[in-house]
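Some notes on the structure that comes next.
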Amino acid sequence: MNLDYLASVDGVLLDGLRLTVVATLLGAAIALVLGLLIACVQLARVPVLFQAITVLVIVIRNTPLLGQLFFMFYVLPRYGIRLDALTVGVLALGVHFSCYAAQALRGGFLAVPRGQWEACSVLGLSRTTTLWKVVLPQALPPVVPTLTNLLISMFKDSAVLSAITVLELLGTTRNLASTSFQYTTLFTAMGLMYLAIALPASLAVRRLEHRLSRRTARA
Amino acid sequence: MTELVNDRGSGISLAGVTKRYGDHVVLDGIDLEVPAGERVSLIGPSGSGKTTVLRCIARLEAIQSGSITVEGTEVARRTEKRTGPPAADVAAAMRGVGMVFQQFNLFPNMSVMDNLTIAPTRVLGLGAEEARARAEGLLELVGLAAKARAYPSQLSGGQQQRVAIARALAMRPSVLLFDEVTSALDPELVGEVLEVIRGLAAASDVTMLIVTHEMQFARDVSDRVIYMEGGSVVEQGPPDAVLADPADERTQRFLRRLLDH
Amino acid sequence: MNEVVVRSMLDGALVTTEVVVLALAVASPLALTVALARGSRFRLVRAIALTYVEFLRGTSALVQLFWVYFVLPELGATISSFVAGFVVLGVNASAYAAEIIRGAIQAVPAAQSEAAQVMGLSTATTMRRVILPQAWPIMLPALGNVAIDVLKASALVSLITVSDFTRELTQWATTGVLDVTLAFTLLLAGYLVLSLPITWLGHLLEKRSRRHLGAVA
């Protein structure tokens, strides 16, 4: 490890990390909204849309994120959709992880007892009120650990954005290495930076899961 | 106490109601007239279809033939496939129907107060203050005025069920459906819930349809007792007649078995 | 699409298949070892196993690939990018699989190992003959997902110059030989086809594994 060299580029690496975090958070926002929509379509079995989304989910879950990224990066401009690399990357992350988020959310919805829907129906509450005030507040908390794990996965997997020229942490590292040849120093520092965020985060999720399972055990 | 419920309507009527799950017939062409203000208890073995009668009236189940009328409005008929969002007139009629469930079904994410005010504010369009005042009065009625800020998980089963009754009353229903409301309770908590319902029956003229296994309670509170078996009405009449001196052999067998326990 | 392109695609698909099969071969023994180590009597063994799992799950397979690809040569070890590819993917997957196996072992009722103990069976025999056979159907669905994840992650080896399915198609598309829409649709379709045998095998194993445990499952 060449610490003197590392000290001279730490600002650049931190910029890369910052972009990784930004891409992750934006991707997560898309994944959550899209995941919620997909879960609703699947639960309500909206005709046509349901079949279309089922096919889409199968494709997305069984093909590489890198392939989906390339697809959007190279094919979309052909049809007049010109987006910068970061936007494409964020979209690809969001769409990819929305399928996994949808599965978690669907589980959360299905875990809400039928009686809750029935009580709402008998009280005359509208579908929207039922969903936002009664069902979602009960469906979301149990799936928070799963969603947080997805967020951590997305943080780590956002490294593929370097393949379409986004200068996030991995891209920045490769860039620096290509001129300084400080491979060991740079790639080790990069790995440690990913770990520095992902490890405490996954530890926190474990704690949360433990707490939640204890609470449900008591209830 | 007269402000507890709506004006007397015209009650409930079921005509030839059939409910099937696949090949399994749960209700076999049920006819039932419950005039406004009457208290009717439905008794019978499990699987006799008595709970399904309530659930069909509450539009929680679709029916395969016949029709159900609440307060003069037909709220269910055979052609309907799903229990989707109802038409405006049906929704209006259903606002007069309250239901109390075996499992309470309070909203665990809301305080007792919010459980009582959500429907009046969102469905009836009451102001926050008015809904609050109404809820406080009802909590007083069920003896839980001190628990307004508690969450359902902090209450005993009996207290939760009393809150559920108050929640149903907050809509000022003209019809109340009680679905085995004491079956999920520990024995020592049954009394407090039945006491609330007795009080309600004495103080108001709300129409009540009660599915219960508590024969003494059915006897005290009802104007009429209906014995069901296999999705049909076997026998009905005044509580003393049906419970003390049943005519049908099946009713006799059912009541004898209850006594043995 | 001329013959050269088709041939290179098939070659790429073959390389991808090889990477996946070899990665799974690396992952399986590692995962079982680490899973058992996670439940070891010895604190040190448990700590080492936990560190292994957490470190590998703390970074992505891509970051690990680049680290091995660029750093190992500087440390004096030369391995081909192909070997680096399947070894890294295998080691990475073993961390996830180990946690799944451990969870499945824990899901087998404690009474089973107690019963075996009372009968005088050794710990090893209990694990091999009583616990693992019952944990197997529990872990299978999740292990199937790990295998699919390995297939998906195998595309990453294209970024360290392995001529897999992704690299072949991307090259033809970016050099203008293949229409990009066609190329990347073929890319996704190809992986979908490659995932079919894994899904199919997973279902087959699941069905077989439940043959005798019908009542338990």
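A, B and C are the chain letters, set down in written order, and residue numbers restart from 1 in every chain.
What we mean here is this: a residue touches a chain if its C-beta (ideal position, glycine included) is under 8 Å from a C-beta of that chain, and two chains touch if they have at least 3 such contacts.
Keep in mind that what you see is a predicted model, and the values were worked out from it rather than measured.
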{"item": "Chain closest to the middle [Cα centroid of all protein chains]", "value": "A"}
{"item": "Chain located farthest away, centre of chain A as origin (C-alpha)", "value": "B"}
{"item": "Of A-C and A-B, whichever chain pair has more C-beta contact pairs", "value": "A-C"}
{"item": "Cα-centroid distance, chain B relative to chain C, in whole angstrom", "value": "56"}
{"item": "Whole-Å gap between the CA centroids of chain A and chain C", "value": "21"}
{"item": "Inter-centroid spacing, chain B versus chain A (mean Cα positions, whole Å)", "value": "46"}
{"item": "Contacting residues of chain A [partner chain B, same complex]", "value": "113, 115-116, 118-119, 121-127, 129, 133-134, 137-138, 219"}
{"item": "Chain C to chain A touching residues, read off their complex", "value": "54-55, 57-60, 62-64, 66-67, 70-71, 73-75, 148, 151-156, 158-159, 166, 170, 173-174, 180-181, 183-185, 187-188, 191-192, 195, 199"}
{"item": "Residues of chain B touching chain A in the complex", "value": "58-60, 83, 85, 91, 94-95, 97-99, 101, 103, 105-110, 118-119, 122-123, 153, 167-168, 171"}
{"item": "Chain C-touching residues of chain A, taken from the complex the two chains share", "value": "58-59, 61-68, 70-71, 74-75, 78, 156-157, 159-160, 163, 170, 173-174, 177, 183-184, 187-188, 190-191, 194-195, 198-199, 202"}
